[in-house]
Amino acid sequence: MRHFLTALLVMILTAHIAIAQSQPVLNLELANKIADAAQEKATSENWNVVITILDQGGNLILLKKMDGTQIGSIEVAQLKAKTAFEFKRPTKVFEDMIKGGAVHLNTMPITAVEGGLPIFKDEHIIGAIGISGVTSVQDGIIAEAALKAVSLN
Amino acid sequence: MRHFLTALLVMILTAHIAIAQSQPVLNLELANKIADAAQEKATSENWNVVITILDQGGNLILLKKMDGTQIGSIEVAQLKAKTAFEFKRPTKVFEDMIKGGAVHLNTMPITAVEGGLPIFKDEHIIGAIGISGVTSVQDGIIAEAALKAVSLN
Amino acid sequence: MRHFLTALLVMILTAHIAIAQSQPVLNLELANKIADAAQEKATSENWNVVITILDQGGNLILLKKMDGTQIGSIEVAQLKAKTAFEFKRPTKVFEDMIKGGAVHLNTMPITAVEGGLPIFKDEHIIGAIGISGVTSVQDGIIAEAALKAVSLN
Amino acid sequence: MRHFLTALLVMILTAHIAIAQSQPVLNLELANKIADAAQEKATSENWNVVITILDQGGNLILLKKMDGTQIGSIEVAQLKAKTAFEFKRPTKVFEDMIKGGAVHLNTMPITAVEGGLPIFKDEHIIGAIGISGVTSVQDGIIAEAALKAVSLN
């Protein structure tokens, strides 16, 4: 009985340590699903956009530029995703803050325009999506539709 | 005769497909004409400016700094052309949006000052012009005069 | 009938002029095909790489990072594609030149490592592919396999 | 008489100071002449290059990209001119030094490839020319032909 309890304790502690030392990741398969959902939504609305996905380290793992999208969106889509990832919030939050008077935030290394969303799983940030190409409100609609299409939790 | 007409039709359709998969370009000859018109307008007004022309890939193919123009305009003229090219619209559009309250656009990688215009041919963007050196309104007047001087469509 | 043929001839010549002043493009559909072929080759060899495709303007229109690829390859794959596009030649050409003694080329803004190839169609450069993740020879094998899988001419 | 001599002395000294505080300049007219000579030489050889001219402050005052020149030459031509200007010597000097064993110069912020030449007038450096597009030896031939075509001293 004593040995059994000791073994149980070891198992629980090991599991706990294992959980504490790992984080969920965003792999290419999931990124493809998110990007496909984004492209499907954009196509259904006849919108052209650049779609970017960052992983749990904030690294670009997927980028697609739909035909006809303005060239500037290649950089902007990445910047929106970067801002959403680095500050764990939708870029629209910063947009609203600046529009609401917090104009000093223009000095921050952020892109405060709707269309960037962090991606969470079990309360961990596992990446971000950045959309650019149409109006920022439309960019935001695509980003939200893309994340809704996959079940992360 | 019938075979001849069929062959002709095939040739026309083939050419049409080739056009659909290609885009018009802005060569040095056209860039020179646009820049000469810009310089002529500037000279007639006794203004000094830097003139920049980007091609269909957004690459700098012509730059001229008129004597006496402030040094900062060498970079600004290029940035205005870049913004007009990358976002397919006059830089004044962004200037007006930010002046009108969309101050969060200050976080975008754009130069939101009048004087940059995209260049279109048959609904394709084939380049951009950027002017800097005098007031931004005057820069804009030169850019417009330059594009009006050449017939693109 | 004569007027009809004349009209046809004019149409054909007009189309021809339009083609002469334009260049072929690399769209997302073609980029997807090339990237899929690259990923298939990499998977078959059990290699992990980042795949990047630039379009006819040298702009990034597709990027995919296969799971497990080293993070540095995200930038290197883009740099290889950039070098291949900007100098219209395989990056291996520069690698061989530098290895062969032209060490002053290390001061050039290039990435002289195998794995980047320009993409041509009808003698026009329409883009480039950049691969990074395994050895540079293996990166080059993937790039070549990817372009061979699509018929461009 | 005394007042006259004093006045004369003041005039001479003022003139002397004025000369000491000025430097010859490279204006757009001269830059155009140099660039035209470069383009003429390139055309006569059926070569395509980017031509760049810097002024006495090292600022870009003229850039022309001949049709068909590789995109990378837009940056490289500027870098060659910058190196020639900043170090008051032909870029080939650095190329030869590195090829000759001084490989540590690869850590310098220079572009050590033939095709960049400083422009002197009365022992003052008044600018630089940078050529890129064909082989570096050919780039150098164009740069030399361009400067020979204008009489600077």
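Miscellaneous remarks
We just call them A, B, C and D in the order they show up, numbering each chain from 1.
Convention: a residue touches a chain if its C-beta (ideal position, glycine included) is under 8 Å from a C-beta of that chain, and two chains touch if they have at least 3 such contacts.
If you want to know which protein each chain is, UniProt gives these names: A, B, C, D = Heme-binding protein.
Given the structure is predicted, the values throughout are model-derived calculations rather than measurements.
Common neighbours of chain A and chain C, by the contact definition above: B. Per-chain CA centroids place chain B at a distance of 28 Å from chain D.
Separation between the centroids of chain A and chain B, computed from CA atoms only, is 35 Å.
Mean C-alpha position of chain A lies 49 Å from that of chain D. Residues of chain C in contact with two or more other chains: 27, 57-59. Each chain pair that touches appears in this list: A-B, A-C, B-C, B-D, C-D.
Of all residues in chain A, those touching chain C in their complex are 27-29, 55, 57, 59-67, 71, 74. Against chain B, the residues of chain C that register as touching in their complex are 8, 11-12, 15-16, 18-19, 21-25, 27, 56-59. Against chain C, the residues of chain D that register as touching in their complex are 70-72, 75-76, 79, 94-95, 98-99, 103, 105-106, 108, 110-113. For chain B in complex with chain A, the touching residues are 58, 83, 85-88, 101-110.
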